[in-house]
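In the two complexes below, chain A is the common chain; its partner is chain B in one and chain C in the other.
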Partner chain A sequence: MKNQFSKSVVAILVSLLLPIAVLFITVKVAAYRGDPDQVDVKLKSEHIPSVDHSQFEILQQDFEHPRDVTAACLSCHTGRDEEVMATAHWKWEREEEIPGRGMVSVGKKNLLNNFCTGANGNNGSCMRCHIGLGWKDKSFDFADNLNIDCLVCHDQTDTYFKQKGQGGMPATTETANAAYQVPDYPYVAQNVGLPKKNNCGICHFYGGGGNNVKHGDLEEALLTCSKDVDVHMAMDGPDMACIDCHTTERHNIMGKLYSVSSANTNRIHCEQCHTTTPHNDKVLDNHFEKVACQTCHIPEYAKANATKMYWDWSSAGQTDESGHGYSEDDADGNHNYLSIKGNFVWDDHVKPEYYWFNGTVDHYLSTDTISEAPVKINSLFGEYRDSTAKIWPVKVHRGKQIYDVDNNTLISLKLWAPEVGQGAFWKDFDWDTAARLGMEYNDRPYSGNYDFIASEVYWPINHMVSPKEQTLTCIECHQRDGRLTGLNDFYLPGRDYNKSVDYAGFGLIFLTLIGIVAHFLGRIVAFFKNR
Partner chain B sequence: MEKVKIYSRFERFWHWTQMALILLLMITGFEIHSTFEAFGFETSVRLHSAAGWAFLILTIFAIFWMLVTGQSKQFVPVRNNVKQQAMYYMVGIFKKAPHPVKKTVDSKLNPLQRIIYFGLIILVFPVQLITGFLYLFFHYPDKPFALEGLEAVAVLHTLGAFLLVAFVIAHLYLITTGHTVTSNLQAMITGYEELEEEEKEV
Partner chain C sequence: MKKLLIYTACLMAMISCQTRPTNLTVDMMVDLANEVVTTVTPAELMNIMETEEIFNVIDVRQNNEHYYGFIPGSVNIPRGSIEFNIATETFWETEGLYMPEKKETLILYCKKGKRSTLTAETLMSMGYKKVLVLEGGWKNWEMTYPDYCDKNLEMLAGGPAKHDDGGGC
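Then we have the complex of A and B:
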């Protein structure tokens, strides 16, 4: 009896309890997750100025012109002018290498886009966002250091603005109006400091002629947002300024935008603060090799206000009975038609598209001819087998824009002019004249024959990082029809499978079951027969 | 008939732990394969990896046990009676014919079992373990060595998984074909099975 009892105990132990224990340990091990790294960085907002600018006599004068302010700045901050004049903020172009095409100089100065087609030639309006004072035409002197506008970046009073249509000049006594007054220069000059969010945002939020038109992930909501919109810049979070990540040395602000640059240099990366293994979790940290942080941590962009996704220029130019331009809004209150610009599609809470990207980019240069439709305004380099490439979230802005049918080139339009009758499309609605004048200003040939062609531009998404609870879950990509459906130059677990193996495997299982059922029925029949 | 101990404690522990792990690997593995939803993709990945490690450790113990006890001989295929065993399953079993090969302590597996288990031990388990750990540690085209992505590894692993599923299903059915419907199951739980008396070797 005792023997029987101990046998039963052993049986329960080895056949039940120990296997369950192993299973339990396995489940426990599987449930283990490391704690994510905590980041501790000193923010620029904690910076204490070493001087009080209001004490300086030179800043207490009645400046007549912003150039005089610049001169006063440079009298103490010697050599800074050279730093500023070496940056893309000043030059609006960079010498960079496009892989396979060699060194080129690209930037807002000379590239085309599929928003307003290009800045050059529309200076009065577009160059308002240049950090110079009055780049109104080709006569602007890039070698004159007094043309630097120190205040637009360093103003802390929120009272210094560049005037609309003045190519980057603030209002003067001649141009001042209800919307733009002459700045109080002594007040502004005595209250300068490190750039705040809105110093950067005044240009970078409004590119393309309105809030969030271009980027989708950079807009005025970031000035006062919650963590749901951006964990870094949130008011209820660390409330970081742009320059906390875009670290700056000698006026070279790190970070760049790939719609206007090409080379994998001077970039900023999440691992500056977060390390390359921030999750302390192997399976997640492994993804760093091939997946940009942004891909999982920015599940959607344009989280507060809509961004422009599609722009069809071909319908622009319609006027009402009295020959004036007009506008129509969509259900959300965004323009979906403007006579001066055509039709738009806006969207908010947009899921990005995903592409391989290794930090280098090709561009449609002003000397290029069109080789495909849609025309790629820029294209991101990278593929699975490129060890430097990662999967990135991208805003793709698509549209239809004017091109020269005979020369097979995208056209730089003259859109803006101060007055009617100067050939600008926004004033005169004349495609041919606007195209001719725009191309002329850019020293490019124009045949007189134009039509519209589809185009797309790729903007990697970097901002509007979500709280970790809203991060993409695995299944968003690791499923048959997930976010990475279009990116199929590699085997992705959960998405991909071998058709033949799956058919054969399920076939085998099916046949096994059929065989078992048949055999089992045979045994039942035999059982009754043999009784 | 005599009650004989045919499965040692370790063998039973090995068997049932293996069963539990394979079941877990099957469910999580096919969820990762997007065949169905079970625990959620992420949980399944973590469970699958942990179960893979557990399976590896168990396998190391099993190899050690086989070498030390010499029980590996049980899994070596034999030529004799393969056909008879197959005929038994196809014909004899329906006529109440006796098992063609006697189950003894020294030869617990019939000739067909030997072939199948040998195949599992020599081919399927190693392939699953190797491809499984490549899956864990090899990720991208050039880390740690150049390979054209995960595809070959993943497809092989899937193939092995299908074979294992088919084996498990067939196995679950075939254990009912012992002396009685449950005698094989009882033996694997208690260790003891009633076997026909054999000549005691001296």
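Then we have the complex of A and C:
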């Protein structure tokens, strides 16, 4: 009798404990995460010049003009001018194939955007970020190698600046003021080296007219940031410079900007250092096929300073009682109204939007007409069925900008001029004149009839990589209202469901439980009957 | 037996103390509050504003954040004082509004949604039945309805002109 009882107890214990043990082991195995592989590469290049430029006699002269410095550079660095003049940094355009359009020339020189609408015609202001000296108008000679500004990229002293409003020229004795003095050319020329963060950032951090306006993930905070902002560039981390990832061969810098380049070439990729299976975890590594590294590892951008998310040009031009432009701020101290530019919405710590992207991009070209609203300034190609496409985090900058109602085209505006009365909108607040002069400069027709139309531009996010502890958790995408709610062309576990399948599954579980309970009760009844 | 009861009571008291989470980070607090708080999108809030008669939109940010931009018609009660002001007749009189009853709809917003979520949990524990939080807060509203935003230019310019109440010569 005692033996019978102990057998029954063991049976009950086994029937209870065994499923629990199986469940426990299953959960443990599913939750197992391997330790990520260590990156086995040199993170930071040693930016030590191989020669001491201060020893060269040719650099010890009193240069009067930056062109003289360029001539001195090229006297030793022969042939480098040809390399520089072949790059997009010099030409501001490149021939690329856009799927469905064939070969076209795209670049800052001829593309429109929904920030300041376009550079061409606003040379005094915009061409300050060209690597040439004095691209003030169409007469700029792209074949003249002495127009190359070597110092803006190679200065190590942080004292060389291009002056505002001078089309890329530093201050001269005629134009110098309190903000911009004539550079000490011998000092700068004797202290040159590989580009530092500052050299790249002086243009790439301030695109769109201010810090972090355009990109959202490229801004001056990266100069001295912590790991929370960017694990690669962090001062308390590897402190990598731009060129450590954007490796350069003969002045051709790898890793062109996704939003203004069309072909998927000359890119840099995370796997160059991290391999395609960096997680040491099969489930996570499998995501690599369809999810860009950036998607999980950049959960938010604009982590230090805000970025511009919305720009409404239609409200620009309002003036105060005395006819002067004015500004208003938002609660964080960013301008949210400027008479010269209109209304803005800024945001920081922004969650990206997510899109399929295969690395190729279409653009609104200056010869295009508007076919839809909002106008897509660029369109990222890709879909789930495209084996080369991945889910990417994207900043979408939306706005309203001026367009020609009769010709149905976006307008290139003349915004900048040195003086009042020259037709620039930022000085005269006259939309019609600014539109006419801007279109004239760009050799495009203008009917004289304008209005404003919604537009959007897509900026894939690449920088501000978070520490691994701050990467996206599974549940942020694998849930019904998660981050990937907008991508509906595929089945995502945890998000997508079918009511019939769900009911059938729950029904089976319910029936199984009933079966277990009935079996258990049957055994109990049988036990007492057998006694 | 008596001792056994006392020991059991002490044990239960200790267990009940352990059920209240402590040492939480603010994100954990927000996550916990999110489990009980209902959110609305900007479009849903716009629909409430257009169709319902009795509701209150409350901006729980600080005054100096509110003045720079807010949802038209919203009242500013900073989170730090909302427990005290929400049921204070004189506060609502100053705002020129009726004090909301506990069954009325309250829609809260802050800059991005965290402060308002914590505030909503507090108001719910005070007995307010229908407290909603604007998803993504003011920034989401600003992006969704950029043409339907307001500013308090008078306060931004330093507030109303000061009166000289007389006295002296």
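Keep in mind that, in the parts below, the second predicted complex is superposed on the first by the 465 of 531 C-alpha atoms of A that agree within 3 Å, B and C clash if a C-alpha of one lies under 4 Å from a C-alpha of the other, contacts with A are read in each partner's own complex, and residues count from 1 in each chain.
Basically, a residue touches a chain if its C-beta (ideal position, glycine included) is under 8 Å from a C-beta of that chain, and two chains touch if they have at least 3 such contacts.
Please read all numbers here as calculations on a predicted model, not as lab measurements.
After overlaying the two complexes on the shared chain, residue contacts for A:329 are found with chain C alone; chain B is out of touch. Using the contact criterion defined above for the overlaid structures, shared-chain residue A:479 touches chain B, although it does not reach chain C. Legend: residue contacts after superposition of the two complexes on their common chain; A:290 is shown touching chain B, with no touch to chain C.
Within the superposed three-chain model, A:504 lies in touch with chain B and out of touch with chain C [touch as defined at top]. In the overlay built on the shared chain, the residue A:495 is in contact with chain B alone; chain C does not reach it. Of the two partner chains placed by superposition, only chain C is touched by A:345; chain B is not.
By the touch criterion defined above, A:23 reaches chain B but does not reach chain C. Greater residue coverage of chain A by touch, when chain B is weighed against chain C, goes to B.
Applying the stated contact rule after C-alpha superposition, one finds that A:309 touches chain C and leaves chain B untouched.
The residues of chain C lying in touch with chain A in their complex are 61, 64-69, 111-112, 139, 142-143, 146-147, 151, 156. By the touch criterion stated above, chain A contacts chain B in their complex at residues 7-8, 10-11, 14-16, 18-20, 22-23, 25-27, 29-31, 283, 286, 289-290, 384-385, 387, 473-475, 478-480, 490-491, 493-498, 501-502, 504-506, 508-509, 512-513, 515-516, 519-520, 522-523, 525-526, 530. The touching residues of chain A, when paired with chain C in their complex, are 309-310, 312, 328-331, 336, 343, 345, 347, 349, 398. The part of chain B that touches chain A in the complex is made up of residues 9-10, 12-13, 15-17, 19-21, 24, 32-34, 40-43, 45-47, 49-51, 53-54, 58, 89, 93-96, 135, 139-143, 148-151, 154-155, 158-159, 161-163, 165-166, 169-170, 173, 188-192.
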